[in-house]
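The two complexes that follow have subunit A in common; it is paired with subunit B in the first and with subunit C in the second.
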Partner chain A sequence: MEAKGIKKNTAIWIIAVLVLFVLSIILGIIMRLNQGGAVHLDPGTFYADMTIHGITMIGIWFVAGMAGVNFIMERYVKTSYRANTFALVMTVIGVVMLWVSTLIGDFHAGWTFLYPLPFKIAWSAWATPMFLWALAVLGVGWLVWVLSLMTALLKKYSISQVFAWQHFRNKNPEVETPPFILISMISLLGVLACLIAAVVLLVLLFAEYYSHGAFVNDALLIKNLTYFFGHTIANEMLYLGLAIIYELFPEISGRPKWKTTWYVAIAWNLTLFFVLLAFFHHLYMDFVQPEGLQIVGQLASYLASLPSAGVTVFSVIVAVYRTKIKWSLSNLLFFIGIAGWVIGGVGAVIDATISNNFLLHNTLWVPAHFHSYNAMGNVLFSLGFFHWFSVEYSKRKGPERLSSLKLSFLLLGGIGFLAAFYVAGAESVPRRYSSYPVEFTSAKLLATLGAVFATVYLIAIFLFVSSIFKRCINMVLHRS
Partner chain B sequence: MHKYGLTSFLIFVCSFLVDAVAQPAAGWQETNINEVIYNAPLQIISGDHVSMHQLAAQNPLVVAFVFTRCSGICAPLIIQLKESLQFAPNIGNKKYNVLVISFDPRDSVKDMENMATRFNLQHEGNWKFAVTDSISRLISSVNFNPVWYEQTLQFDHDALLVGVNSQGFVTKKLLGLRNSKDIGLLINSINNVFSPTYRLPGQSNLFSCYNYNPKTGKNTPGLGMLFIALPAILSFSILIIIRLVSKSKSA
Partner chain C sequence: MQYALLLLFLVLAAVIALVFIIVYLSSKKSDDELKGMANPLQKRFWFLLILFVCLGIFALITIPRSPYYLFAKEQPAKVVHVAAGQFFFTMSYKAINPDKPEGEMTIELPANQLVEFRVTSLDVNHGFAIYSPSKQIVAQTQAMPGYVNLLRWKFEEPGTYTVHCLEYCGMAHQVMQTTFTVK
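And then the complex of A and B:
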């Protein structure tokens, strides 16, 4: 019964994610059109769009990864249906509150809601507490979900086993830790840390808000906590997607299951530790942050990303190079997604290098790299899972139509959309401008081109979504 | 368990809040930034009659508030400012005027002229000594509140320098006698050049990442640093606790 419940919940998660994804892409296109001068939004409306676009995208692709990991984890351990349902209900409530606070309340402090912006009220007064409470609702739901999955894993595996420490020395240990379990646990622990950071952050923000200024926060502390939460969750959601790939890529390709080796175990353990320190690279421009922490930020950015990316790319190349692969839409999406993740990761590491950051900080290079590993990375990881799940467990089976067209549109739209960001970033066009002054000669043209290519990407997503959507609806409505 | 942890944390925060509420608001050096200074009519010792905004439009201003019968901080403030301006870093090509204005309604233009002579500044082109008939509105626009003491016939007041850019906006306020580095930042700010500033810790600011000790001039890690480390420490602790509980249940 519970396994069926998890399956049904997974279908509901997919439907919710896809609906919100399409809406958020439309908001993104409107923003780029406004920057290009094709439409004219009031700056407050632009920033409300930017706020809801950013926070929705982060939220939905995090829960997409969690839903996928939860579903596959059922193969190894028994997970909690109640916790999954609780997270689903809390997510729906939280998202409604977020959309109301931004679209009706006009809250527009950005998805990072950097202190003290939420308290510089330039919108309906109720929108600030509603936005913060929405985050609290989401945080509680996700925290319960994460803890339940961690508990499920730790009932079966000891701490050393779940982190695959027995693989460091022993080539054939008595208990093997599947890579899916290793990467899931590493991601869940990272998510737990960043959700606790969010709890501390929200308590401090509520303390200032409800004390009416009697208690004042330290701006440096709040910025550190904001990026501990924001940067870490943006990275961990990628790792959740990678956990799914480690499990499904060989399976869908008709290849033997991937095993945890000593280098896979070491690489992912390094990621566990260093991803919690990498957020310091968001504070390079904060002159009061000690220099030592800035250097830690740069080193941790390298050490968190390079080993895990290295072993993942190596595993995928070994799996596909001169090997007969059963290609399907799902593993093609995984494959392209890995490429997008690596390209975005290289862009991120370039920006996380202090000497480069002086040039690239707050330029469009930043959205260029995070859209690379999200729109052309993590989104494809999850779309690959959604497609596999909907085909595998739906009664509406049949040949996948228009696969080449879908992938062509996705690649054309995605690459064009990202290129517009990268070129603008390299030309020092600033990010977070609702419209560009004439001094930025190429900014408007690039923004318009970005909007055109994003529309092509949206068409591809529509094509993908329609078939997945129908199968998932069918799964939810079907009684058995 | 988490519930108790959170409750304890909230009690901890609230216990500090009670103290914080009882204290007067601190850090008024950070008030009025980006606000327009009152456009007071000025009577300068050179004989010119200009408004504050007209003078600022000529060159951005460093405004010093003094009174001529001052037996306290006024003279050290002017002397220190004069010296600091000579040694301030990176201000070689920056424009500025220093406006020394009396906040004592009894002071006349002649009194201010004598004061300029006393400091040997009467012929310095970018030093302007002035009085105004709208002093109360001017000082309230920068939140400067001298208190008159009849017994000593003196004002109790802060040593305040206010930076005003050429559009008449307050860009920075400096409280106390400041060194050439701080004066350099002030000159940069009135020229609309980025000048790093950081909110001063006050009674209501409890969890600073660093605590500045004015006696030693050094920063030491504050409670805020613990908060940054807290999520990682708690996560690993929770991991161990879950495993121990699971193990004991299965046993």
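And then the complex of A and C:
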């Protein structure tokens, strides 16, 4: 019964994510059109659009990763249907509150709502508390979900087993930890850490808001907390996607299951640690931040990407190289997604180098690299899972049509959209500008090109999503 | 410098893309079911080691060039105080009173001599990014309320420099700018 419930919930998660994804892409295209001068939004409206685009995208790909991990985890342990449903309800409430506060209340402090901007109210006065309470609602729903999944794992595996420590020394330990379990646990723990930071952050912000200025926060401390939360959640959601890939890539390809080895165990344990320190790179240009932390930021940014990316890429490459495998849309999406993720990672490592950040910080280079590993990385991981799930568990099976057309559109649109960001970043065009001062001669043209390519990307997404969407709707409507 | 970084990125991205394409095609061509590893998660220590060494070298070269260490031992020839606010920059050779921020009409700075900017904010976080006459960022720091960031720089090229705000600060963020000249 419960397993069926989780399956149905997963279908609902997928439907919600896909609807919000399409809407958010449209908001993204509108932003690019406005920056290119084809559309003229009031700046406040543009920034409200930017805020809701950013927070929705982060939110949906996080829950997409969580829903996928939860579903696969059922293969190993019993997970809680109630926690999953609770998170679903809280997410829906939270998202509605976010959309109301930005699109109706005109709240536009950016998805990172960097203190003290949310309190310099230039929108409906109720929109600030509504936005912050929406985050609190999401935070509670997700905390419960994360804790319940961690508990489920710890009921079956001991602490050392769940982190695969027995693999450090022993080549063939008695209890094997599947890579999926290891990576899920590492990601869940990271998510837990950043959700706790979010709670502290919200408490501090509420304290100032409700004390009417009697309590005043420290801007540097809040900035550290904000990015510990924001950076970490954006990273961990990728790892959730990777956990699914370690499980499904060999399976879909018709190859033997992947097994944890000592170096995989060490790599992921190191990642857990370093990823929590990498957020310091968001504060490189705050010269008052202690220098030691800046250096830690650069080293941790390198070290966080090295083991997890190195191991994953290498594993996927050797798994595929000269090996006859069953290619399908799902593992092709995983494969392309990993390439997109690594290429975005190169852009990130360049920017995470302090002396380069001096020139690239808050230029369009930043959206360039994070859209690379999201729009062409993590999104494809999740779409691969969605596709696999919807085909595997629906009664409507049919041959997959138009695959190569869909993929070419996706690649063409995605690469063009990203290229416009990278080039503009190298030309020092600032990020988060509703329109560009005339001195930035190429910025408008690049923005328009970005909008055109993003539309091609949207068409590809439409083609992918419609069949997945139909199958999932069917699954929800028909008791199976 | 920015274009060099773009080039570096494009080369690496192309190499990665090529590797993925070659690997994919090799799989498509393969007709032997038995080839391929039973467990691809086997140790590939040397691969990580190479990556590790490359990044280590990159860190060793770049960290000493971080802005915190630039001209740290020299005395600035000129000091400029900067107070950022929604949505303006006030710049002055004298300290700025936060309650009554007043700045100079024009700021002129000497070429090839050390200038120190003392940057703070009167309200929310802002950015202080200096664009060369050819519209490339040459240096930047943040303007944070309650803190003063010290940015040191030597301008080589004379001309008009523009300062843009690079931290999102609200409705008119995109028009927040000022200029100074280097002679």
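Throughout what follows, the second predicted complex is superposed on the first by the 480 of 480 C-alpha atoms of A that agree within 3 Å, B and C clash if a C-alpha of one lies under 4 Å from a C-alpha of the other, contacts with A are read in each partner's own complex, and residues count from 1 in each chain.
Throughout what follows, a contact is a pair of C-beta atoms (placed from the backbone, for glycine too) under 8 Å apart; a residue touches a chain by one contact, two chains touch by 3 or more.
Since the structure is predicted, the reported quantities are computational estimates derived from the model, not experimental observations.
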Superposition on subunit A - do subunit B and subunit C clash or fit: clash
Touched partner set for A:204, first subunit B, second subunit C, both or neither: first
Which of subunit B and subunit C A:432 touches, first, second, both or neither: second
Touching partner for A:139 - first (subunit B), second (subunit C), both, neither: neither
Touched partner set for A:220, first subunit B, second subunit C, both or neither: both
Subunit B versus subunit C as contact partner of A:117, first or second or both or neither: second
Subunit B versus subunit C as contact partner of A:158, first or second or both or neither: first
More subunit A residues in contact [subunit B versus subunit C]: C
Contacts of A:356 with subunit B and subunit C, given as first, second, both or neither: second
Which of subunit B and subunit C A:311 touches, first, second, both or neither: second
Partner chain(s) touched by A:377 [first = subunit B, second = subunit C, both, neither]: neither
Residues of subunit A contacting subunit B in one complex and subunit C in the other: 218-220, 287-288
Residue ranges of subunit A in contact with subunit B within the complex: 147, 150-151, 154-155, 158-159, 189, 192-194, 196-197, 199-200, 203-204, 207, 211, 213-221, 224-225, 228, 276, 287-288
Contact footprint of subunit A on subunit C as seen in their complex: 1-3, 5-6, 8-9, 12-13, 16-17, 19-20, 23-24, 26-33, 35-45, 47-48, 51-52, 55, 58-59, 62-63, 65-68, 86, 123-125, 127, 129, 131, 135-142, 144-151, 162, 164-175, 177
Contact set on subunit A toward subunit C in their complex: 43-44, 47, 108-110, 114, 116-117, 120, 122, 179, 218-220, 223, 250, 255-256, 258-264, 267, 285-288, 291, 294-295, 298-299, 302, 306-307, 310-311, 314-325, 327, 335-336, 338-339, 342-343, 346-347, 349-350, 353-356, 358-363, 422-423, 425-428, 430, 432-437, 439-441
Sites on subunit B touched by subunit A in the complex: 6, 9-10, 13, 16-17, 20-21, 25, 196, 198-199, 201-202, 204-210, 222, 224, 227-228, 230-232, 234-236, 238-240, 242-243, 246-247, 250
